[in-house]
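I have a structure I would like to understand better, so I am pasting it below and will then ask my questions one at a time.
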Amino acid sequence: MDAKRREVLKTGGGVLALAATAGIFKSGEALAQEWNKAAFDTKSVAETLKALGGGASSPSDAVEITAPDIAENGAVVPIAVESKLPKTQVIAILIEKNPTTLSADFDIPAGTDPFISTRVKMAETSNVYALVIADGKYFHAMKEIKVTIGGCGG
Amino acid sequence: MADPMRIRANLTGDKVEVKVLMAHEMETGLRKDAGGNAIPAHFIRNVTVTHGGKTVLSAQWGTSVSRNPFLHFRFKGGRPGEKVTITWMDNKGDKRTDEAVIAGGG
Amino acid sequence: MKPRMILALALSSIWIAGCATRPSDSEAERAVAEMIKVSFRTRGQATIDRLGQDDAQALCSKHAGELPKGVSDGIEKAQQATIRYPNPGKLMGDWRQGERIAQSGVGKQFTDDPARPAGGSCYNCHQLSKNELSFGTIGPSLYQFGRQRGASEAIQKYVYAKIYNPEASVACSNMPRFGHNGVLTEDQITHLVALLLDPDSPVNK
Amino acid sequence: MRIDRVLAGVLAVMPPCFALAQQDTQKEIERYRQMLQESNPAELFEARGEELWKTRRGPKNASLERCDLGLGPGVVKGAYVQLPRYFADTERVQDAESRLVTCMVGLQGFTPEEAKRNPFSGTGVPMIASDPFSGVGRRSVMTDLVAWIASQSRGMKIAPPMSHPKERLAYQAGERLFYYRAGPYDFGCVTCHGEEGKRIRLQNLPKMTNAKDAQRAFGTWPGYRVSEGELRSMQWRMWECIRQMRFPELEFTSDASIALITYLAKKAEGGTFDAPAIKR
């Protein structure tokens, strides 16, 4: 996601501003190496949502998180997110209790499945959110993942 | 120089299934060494995947993507023999680009 | 380290003596003794003399898997004599501190800070509090331990002794002799006694 | 090992709902492990190892392509599953790592100290106080090479040779070391690996005298440890167990380490080798 679009989303948030993003989105190539520092510095789900330009997000059954209920080790937690929402533009992974909330943020162009599978670090047992922007609206799914203590140390 | 990625791109039905492993520390910046000094953050911030000149996925990552990152996604429109190109760039400006040829069909 | 350290190795063999194609027992024993001398090095607090064995360690190594009754009785008797109890009325400490000690697996490794107290590594092998899902099973579950037994002075003494020197009741137990070997302090053991026996401890909830 | 008579009774009175919760935990952990199988970063290490094998290095500016891992100079396919073995040129039983040291010295002209200097990736010295085995990206040539060599035995049967008297002696010594209890915790290998179906925390422990357990254990090292983000070799596995046993440091490629590995390899004989694996 390019920073300019986020900026628009942040200042606007309404229908008008969202409509304006559509054009900018397509010209995102040149800005592909932008990195949204403000969003990656956020320390709560609400702050991240705001930094990604959303005012509120609705829970949705059309967003599915595939992850283990219990992770044997927090250093590697496999997480897949699939959105069945039409016009899915963005999939972001948020980990509530990590030192910083936003883990990863994927732009899904048309022609690419609204599906992402990756591996993230979790500092402790936490709710994990999959945030989806589809047709300019914000949706999410949530799942608690328990992180256990491994090995003999600790 | 950063190590090459391991990329698998396979045509399954009408979609290209891409699985990639990247060799990177993904250091959070929150850990300390034995002397109590913070180890500086070092992590991939941007990943871009292109096919035929078109971006098929772009991502921004924070420090909590696991070390030696793994990424799996699917896109439409690729044919066997065509190339998928992946570039990552980290917070120190290091970059790595690798290509894979789309395999198979079936 | 141990008062009666024996450096000579006395290990049993399951091989039939005299089989020409196999090295003899004594040859293997000599090889092991030599290997122990040349294959390890002191690092941090883990000094090379830790490889020396006291009587119990040597006997348990020798009779691994098939401990004769006479030998186990002898070990238990000798180990009983090592137990030092705190003053009466001081056997039960604070279960909260006990829980922290039970959770901690550090101590005595060459990577551990010798100035820091060792943990008890209890959850590595035992189930204790119901809330901790990550527990080992080398030892029996201790969940509800005190609830079933109460916290009489006799039970307190039993638990204290069990942690101080488990080999006093079970020769060649897998559990370290935490008190006898100087891993945990008297205070730390009393906190673990409380973790197991205090009615308010999560172990008994 | 004897069961604690006094405490064993506790197990019988555990409420059934709790037993169920435990099953669920085990099931979910299994699912987690299953999900990790999808992709193994060990590949990254194997790729580096293959490159290093062919790279001219050292004072003699030579590659390792003529290194004899037991099946003749340069033969890598299937070599790992037939190690440790006796080598006439060194008159020693050697595992993969100690043989690589021999080749780095003989072919490439490194000193033995240089060849052994950084045996485990990330961990030449403990770098992270709270996480001593997770270094900050210190590459290990040794680890990379072993990852690749092991990968070239994937799918093959574990078959350590036992025809030379020194191989049998290493096995017997390894067995004795396995039962050797010492140190401030009274530990031996057998403490954790002598009984079936046990765990430390949530980690399942193989009983090394049981063929099935030993095959699974030996057959999955080296492994990529997700908790550390590093590839770990069998030498590291020995070194790390010995550290946790509160023993002094086990020297890399020492005779005791090779004896233990020989013992385990023999116990795992006939099993299918499936490493480098991915582990918690």
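Chains: A, B, C and D, in written order; residue numbering restarts at 1 for each.
Everything that follows uses one rule, which is that contacts are C-beta pairs under 8 Å (C-beta built on N, C-alpha and C of every residue); 3 or more make two chains touch, one makes a residue touch a chain.
In this text, all values refer to a predicted model and were calculated from it rather than measured experimentally.
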Chain at the geometric heart of the assembly (C-alpha centres): D
Chain centre separation (subunit A, subunit B; CA means) in Å: 17
Approximate Å spacing (C-alpha centroids) for the pair subunit B, subunit C: 48
Length of the line joining the C-alpha centres of subunit B and subunit D, rounded to whole Å: 29
For subunit B, residues that touch 2 or more chains besides their own: 26, 66-67, 70, 72
Two or more partner chains touched - positions in subunit A: 70, 75-76, 117, 148-152
Touching two or more other chains - residues of subunit D: 25, 38, 126, 132, 200-203, 226, 229, 244
Touching chain combinations (by label order): A-B, A-C, A-D, B-D, C-D
Sites on subunit B touched by subunit D in the complex: 3-4, 6, 19, 21, 23, 25-27, 31-34, 36, 39, 66-68, 70, 72
Residue ranges of subunit D touching subunit B (in the complex, touch as defined): 38-39, 41, 43-44, 47-48, 125-132, 136-137, 226, 229
For the subunit A and subunit C complex, residues of the former touching the latter: 70, 146, 148-154
Complex interface listing, subunit D residues touching subunit A: 24-25, 28-29, 31-33, 35-36, 38, 200-203, 226-229, 244, 280
In the complex with subunit B, residue positions of subunit A that touch it: 1, 28-29, 32-36, 39-40, 75-77, 80, 95, 98-100, 102-109, 111-113, 115-122
